[in-house]
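Labels for the chains are A, B, C and D, by order of writing; each one numbers its residues from 1.
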Amino acid sequence: MKIPKLTGTLSNKIKTQIKINDITIGRDFLVIAGPCSVESEEQILSAAKAVKAAGANMLRGGAYKPRSSPYSFQGLGRYGLEYLKKAGQAVDLPIITEVIDTRDVYLVSEYADVLQIGARNMQNFSLLVEVGKTKKPVLLKRGLYATIEEWLNCAEYILKEGNPNVILCERGIRTIETYTRNTLDLSAVAAVKRMTHLPVIVDPSHATGRVELIGDMSLSSIMAGCDGLEIEVHPCPGKALSDAEQQLDPEQFKKLMRRINLTRELRNLLEDNEICPE
Amino acid sequence: MKIPKLTGTLSNKIKTQIKINDITIGRDFLVIAGPCSVESEEQILSAAKAVKAAGANMLRGGAYKPRSSPYSFQGLGRYGLEYLKKAGQAVDLPIITEVIDTRDVYLVSEYADVLQIGARNMQNFSLLVEVGKTKKPVLLKRGLYATIEEWLNCAEYILKEGNPNVILCERGIRTIETYTRNTLDLSAVAAVKRMTHLPVIVDPSHATGRVELIGDMSLSSIMAGCDGLEIEVHPCPGKALSDAEQQLDPEQFKKLMRRINLTRELRNLLEDNEICPE
Amino acid sequence: MKIPKLTGTLSNKIKTQIKINDITIGRDFLVIAGPCSVESEEQILSAAKAVKAAGANMLRGGAYKPRSSPYSFQGLGRYGLEYLKKAGQAVDLPIITEVIDTRDVYLVSEYADVLQIGARNMQNFSLLVEVGKTKKPVLLKRGLYATIEEWLNCAEYILKEGNPNVILCERGIRTIETYTRNTLDLSAVAAVKRMTHLPVIVDPSHATGRVELIGDMSLSSIMAGCDGLEIEVHPCPGKALSDAEQQLDPEQFKKLMRRINLTRELRNLLEDNEICPE
Amino acid sequence: MKIPKLTGTLSNKIKTQIKINDITIGRDFLVIAGPCSVESEEQILSAAKAVKAAGANMLRGGAYKPRSSPYSFQGLGRYGLEYLKKAGQAVDLPIITEVIDTRDVYLVSEYADVLQIGARNMQNFSLLVEVGKTKKPVLLKRGLYATIEEWLNCAEYILKEGNPNVILCERGIRTIETYTRNTLDLSAVAAVKRMTHLPVIVDPSHATGRVELIGDMSLSSIMAGCDGLEIEVHPCPGKALSDAEQQLDPEQFKKLMRRINLTRELRNLLEDNEICPE
């Protein structure tokens, strides 16, 4: 396998760290939480308060939604950006939201602290070049059919344009197993951590598509060595306009955060070779 | 499986036909041929003459190339469009070329007779909406990870914007078989022909990635009931800047066209129930 | 890709031909037809008469059925073999049936003209060795997850034991497409025909799992260069104890045979280079 | 998804526990370790001493090896069983080895404490029935193409014969990712733990096929809720006759065991709802 040069560790011996307000991604463990879609000013504010209280350090919410069917809810667009921005400010959390069109990159950059490239746009090369021209941190999701090599080459498109602030996100690949929405590929996380200097996080919500599996997969991801998690949390999942079956409610997320913190402590111990050499 | 309404046969009992100059796609068998990429004015003109002489009825050539690596040849852009247009006029063939960015749709529409949406952009929904706003015929390739249902929903995005001129193109899906570049899914072609009123064509070049298999797969596709083929032909495949291993040379294409024509005659006979009722 | 030596063309420049009664597989086009399972003496006899009348040259029927669930019909075992044998004799057709246990190889060989190794047993190496020790022709189905290389290595297991009479059968692989039962991989058929001297046939019934697609896929398979077809035909598909949704009725099969014969004639013409050189 | 009745939790509210000498599988964490193949009396004894000293509680070693190519090392057969048995006795560890032929079930049962059914034999139904007739504990590996539903149905074949002592083992499925040998499906482990009362363990060696990933995947598996691990350990991996690239050496395994134990302690804490309620 050929690792592209800027993305590979040869170009950068030390791990990339990305500072956003008080967090330094790649050093501090990143927990992005929030609803799949921004549905209203009240909904996103309520979600923001809940995830902040539980200990998340970044707020997510979709304003432009790539949906399989043109008849599904497509997001609130610019209004969604406004509501998300306000909610982030209200609870003092940086925000991340998806951009799906080269023409929107400037606009979304005005609002978001991190630009998200979704799995279906991983190989939308024009979009990669466009976000590469900004200096905004970019979260690049792995395509649900993409090999590790293709994924890293997409990161290379962004780095090549001069934007070094790329975060990789494993969100499950499509396989013969249909019980889970996708198959979370944690060996890819452990492998990519060895190939690149970029932070690598995991999205267990899209990977599993099932509320009851998100907790275990979050903890598994930490032990695979990930630098963070992106978890869907909705004030009232049953009423969600998208991904209803895979969003945690605030109470579930609060309990999961305690487990995440304990697991992080162990992983930190293990990475300290004095305690337990690898 | 849920077939979206405009794409499904319920919305249109008769098969969609798309007239471009002298060809009527959906009635006449479509043979799109030409190089993967437009590399120079001479190269595309030479390819155009060869495929016209062999009997192709549309000329292809990529000006904007989506490539896995940012270091690969990315196409000649606007110059590529110019050269392709000239070549098409020189041999009196309509032209098709890929559009990969919403911002280029207007420009590419100025040149192309048919807009191609590539497999990696199948779910680039902003792009689908944009080409849906034009009245240009659109060739929609199936994503290499896409189910039939997802593919038809992408066609629906285009139809919903008011553009009825959509052509579907099966080009192979990614599977566990790695000997061929992808796996040509001909049962999907036979199935989709029964689900929709849109023309369905096949691209055996990308599906197989191997020159020696393109002939047999072209003939198999015809017997699966496809409405046309898209085949990569290069004046000198060994010198191609992209897809060198899967482009036919003019002589190979000329011989294949004779086989395609014979096979089409048989398929037409079989579709005439007086001769051989199904 | 490494082609194993006995299976590869290096070991045998001329194509392998297997003579059974009046048919010579590898020269004559093989059409195996009959029900998924032998269900009763009457059922298999009725099926035998129908497929013989329509022009099939081998009768199939399962006596030992590998089923996903232990609660599904498992076949009639030795009685099934008896009924199948009688039916074959009544209509003067050689018979093929599956063997799933090393302990049954001798018994099944007493009845069958050809031993079938099913997709789920493709890598049951003990079974391959055992059928390799007989001189009975063996039909080796491709595993639904198997690469071409793995498939040819399984043929090698049989050849290595001294049994040269192996027929390969593509029956679809498991992919992300779930509308069809599996995905028929015809580019593998065209590829394997170039790699080995063994006959290669196609089973469109299991590949598609849908009656309406079997006809088109049979004709497509012929144009891909296959040496035969295995098609499930049941006197009354609606009453079948297994695979009800993918078995043709006698009338459908009779009409399909006419189309198969016409398509074979064309393929023969094309293979005659004086008519249309490749 | 339909969960078969004996395998599903409805048939047994309490988790199944399987006692073998001093271990109780399903209660105690199972660590199976040892070489891919038994290669000599010295090799397996040396491996046995190493894994015992590191804290493994079961010894593995293949005597009958299912290999893709008939020209690869096929195992020592009965001698392998003898050497494995002696080695297990020498270090007082129960032993597990694979059975691949219905005719060998009785023989292998004479030696082994646990019978292993490999991934390629998961749907070798005759073999499942045969091991179901013994009362020996059976480790059933998931097929590399198998859905959860198919896997549980194979367990049902064994339980239905009256053998309740089944252990499930996830070992990776085949996907589009080829950097790792297979893709470890840990969401399936978390899911299956909720569907069945049977113990579920993980084989990170075959799943990843890469020494450097086995450690992280072992710890991830524990946090996914598995009941044990099967890890390949060879006295000198570089000299191994099979799977050289995925076997740990004794020193690597010793260090990994310390990490496994620490991770197990955390998982136990989390499962204690007083400490951290889910």
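Some notes on this structure:
Throughout what follows, a residue touches a chain if its C-beta (ideal position, glycine included) is under 8 Å from a C-beta of that chain, and two chains touch if they have at least 3 such contacts.
What you see is a predicted model, and the numbers here were worked out from it, not measured in a lab.
In terms of C-beta pairs in contact, A-D outnumbers the other of A-C and A-D.
Look at the CA centroids: the one farthest from the centroid of subunit D belongs to B. Matching residue numbers shows that C-D is the pair in A-C, B-D or C-D whose interface repeats A-B, with more than half of the contact pairs in common. For this pair, subunit C with subunit D, the centres built from the Cα atoms lie 35 Å apart. Averaged C-alpha coordinates put the centre of subunit A at 48 Å from the centre of subunit C.
Centre-to-centre spacing of subunit A and subunit D amounts to 34 Å, using the average Cα coordinate of each chain.
Residue numbers of subunit C whose C-beta contacts span two or more other chains: 145, 149, 174-176, 178. Of all the residues in subunit B, the ones that touch subunit A in their complex are 4, 66-71, 100-103, 120-121, 123-126, 143-145, 149-150, 153, 156-157, 160, 174.
Those residues of subunit C that touch subunit A in the complex are listed here as 145, 174-176, 178. For subunit B in complex with subunit C, the residues that touch the partner chain are 1, 145-149, 173-180, 183-188, 190-191, 194, 207-208, 210, 212-213, 215-217, 219-225, 255, 258-259, 262-263, 266, 269-270, 276-278.
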